[in-house]
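Structure provided below as structure tokens; questions to follow.
We call the chains A, B, C and D, going by the order they appear; numbering starts again at 1 in every chain.
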């Protein structure tokens, strides 16, 4: 079976041994939880194992041959990631432990910024109601701690940003606008161009949470024109323990350091310290060396498939899922019902069955989905639901898996006697 | 060859494939840079690869079978680490990305603490002159940002803490005392009991940087009685991308959150959020899941050898190294010259040859050591040197490797014509 | 791991027809507990009269397991003494944390024995315990308050 | 990776007898540069007279490579015009970053051709560039200052 974009999904699945697993009751695994974390191809896992067993050393600090090998691999991964998202400069790529840390890094450094960048009472920070908690809580903390005001875009009934008030919401008091590129719950792809244009018109900094975007679509940060973009390794066939912060160089230079210590310094005396230029300035301590190398291998893997092909597959499989799920009585998709400006996460409710019970039943059929608020409780509140069940797809998802999901949902309804 | 403590070093070396590597010029690798980062046994690397390829899922959030497997493995690692250092409770173990983040977590949460824990102008924070930058810079930032004063223990000529002024240095104004258990540069093992007793007598919190201690010696946190202890995975045969913060539960409960988002919450609305109890409170975002599992495997590996045996080997090999290095004319050890209350890092200078040039020459013989300030620039300043060369040993280091080092140093002297 | 062990008929019955649900007066303590992982919530009130748990009223949003657990809790502890209630909590908790190895005592736990199957599903144990933990918290507060008032 | 390629006789000679070391007056700009990885430091002064680099004086602590680089820098740029100096910097920098593939021009780089071997040791390239980067920084400042004074 060949995806619209041109790779053979069945062949690709062979790169992911876990997809061949048999679960309890002899059921083959149907993994539909990739928005939570993606599976990893052997190439990524092998690259890390090989590094640990053959080339392991600390980076930057070590000048011996192993140190040079490790540094070359680590800094090479930075080059790979910069190229993967077409960052203006590889020195604008900061490795963090995940996307959450990257977002907190920005909020936290603004909290400690002085001069022009300082956040003061009366300043406004704008986010949206569809954000992941990791793009809400850091800004709440920043607002609390600086006296600034947190404001947000509401959502339309279809699950899109309500842009009708954009000119009021983003105004001369606005210092930072932060928004997800793709929602992890609703699947919505947000119109970044409009938001960035307005934010820059009033002189605000734009932070983009691309955690669900970078895995799914070709990304060109140079073209995008945001000020900060973050994403996370484990959702893009990479390892856990690594995230990426891209920041415009001038901003990274101006912001104060985040974590202190290790290699982020220029010189240290007991009285005072000066700091290295970015990206080192924001990478205190021994970085996630091998995780960066794994992430580089993940980017290479994705590039091998072609991000256009990955995006085409995602679109196609999501459209099929929305169509098939739409046929189930009592099922309501929360979020855009059409595969237009939409990522591959489909959250839904089912009349008469609680999301946990749905996911439990599906799990008994070997189908892994997520139930709960998906770290997007405000978006759930907006739609008057406490929880949803979410099926999310990725480059290895097949039509047969969607069919299994639909059959599983129907069987769940029978089990709980709601049809 | 059997170590004093009872394991067979040659057999143990077979667990570390990298130790069999041949470097440039056909030289066998002599890895004497373990205080920088340790090598990894196959068991640790395999545990992580196996998890990625067979059990990978996100933790806590996922309720399906893979999620349960991943959560069990991750939380099992927390149990393993708690047991490894005999923590009073497994819920006091917070996973961070490295030791540096753990130290910054403490400094940063104190910076934002309110009420009793708030740091105010006039308050004092005490550190020492032998700390790693990661245990200096966070406290400088805290002091700058709160108006507190940073003070420090000086060093004796032998490289031990000068405790003569302890009663003045740690006084009623002292809020936090932070100290390395074992110095990564001088090798000094600090008398924590004396410091903890005095700090607690004045009501100060004690933070211990155990980054060089936990890899080398049996550690009993319940017996130690500090308030916070941090260490790092990659120095204890574990992976990069993971560190550990142990904190007394009451303190972790009182401190405000550090990073916001993901699973650190209890409930989130756009207006405000409440936070989960520790350890979750301090683990925002997807944690370093597989790195924690790898660290658990590392602790199991060390327990298999026996930490008493590891410590005995370290003592014995360090004593041998100090003796042999003492025979070299023009070589000066910076730090305690005897293997008493001393870890396995030996920093030295050589008359007439700069440390970089020493390490370069040694590298050409296949011997990996570190040259520079080892992230302990103040300690170097104290001894009037800008840099040193450091050889550091671990559970797999052999007498033959020490002999190779000594021969390498002598040949370096010949090369640079200083003897 | 057979889901039928989890979704016993008794549990589904309590889920469909929860006993004692709704918030009522009088009460000495009200608590709000959340399962942060999944978002299940319960607001629970306890009315203690002398030694007796006179009422447990609640408003719960959540899955079948947490809802049924609230209903069974109400059945079991209302009318018992506080001490008996805590003993039941202990009994229920050890059943839940027994990973399916603990044999429940029907004379003590009545309908709650149907939760034996939940113990085989570690991710769901929290669901079953949510109302019980809320009850524990509220009852402790109610008792503390009473003791204070006496003093 | 033969260390002999790195430690050329010329380099060791400059290391033992550095040319023009010590800080001198007059100067228009003084900078302090550090290699954070290893701690090598240099304080460097530039005296520009009209178009000419009249003096480069320095106090450097560091390894043979960084010390010798400062000495060779002094030899090369003192007496040249600022423009010629920057051209030499370019030439030296591309030699250093050439990973051993660039053939140095002895007529231009004189003793600095001995650094060709350094290019094969990526970790040491920073050592060789430390004084040059300091010189670049200081000269840019000195020139900027001169331009300002004129304006």
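Side notes on the structure shown:
In this text, contacts are C-beta pairs under 8 Å (C-beta built on N, C-alpha and C of every residue); 3 or more make two chains touch, one makes a residue touch a chain.
Please read all numbers here as calculations on a predicted model, not as lab measurements.
Contact count check for B-D and A-D (C-beta pairs in contact): higher for B-D.
The centroid of the Cα atoms in chain C and the matching centroid in chain D are 76 Å apart. The mean-CA centres of chain B and chain D are about 37 angstrom from one another, to the nearest whole unit. Mean C-alpha positions place chain B and chain C at a centre distance of 45 Å.
Shared interface positions of chain B, i.e. residues touching 2 or more other chains, are given as 24, 61, 63, 65, 67, 263, 265, 267, 356, 360, 371-372, 377. The set of chain D residues touching two or more other chains comprises 1, 37-38, 41, 124.
Taken as a contact graph, with one node per protein chain and an edge wherever two chains touch, the assembly fits none of the named shapes, being neither a line, a ring, a star nor a complete graph.
Across the assembly, chains come into contact as A-B, A-C, A-D, B-C, B-D. Chain C meets chain B in the complex at residues 1, 34, 36-38, 41, 122-124.
Interface residues of chain A, counted against chain B in their complex, comprise 17-18, 21, 23-24, 29, 31, 33, 36-37, 39-40, 42, 44-46, 48-49, 52-58, 61-67, 97-101, 103-104, 107-108, 112, 129, 132-138, 140-141, 145, 150, 152, 232, 234, 239-243, 257-265, 267-270, 272-273, 284-291, 356, 359-360, 362-363, 367-372, 374-375, 377-378, 381.
Of all residues in chain A, only 60-61, 63, 65, 67-68, 71-72, 263, 265-267, 276, 280 touch chain D in the complex they form.
Considering their complex, residues 24-25, 354-357, 360-361, 364, 371-373, 377, 380, 386-387, 415-416 of chain A touch chain C. Here chain D touches chain B in the complex through residues 1-3, 6-7, 12, 37-41, 61-65, 67, 121, 124, 127, going by the rule given at the top.
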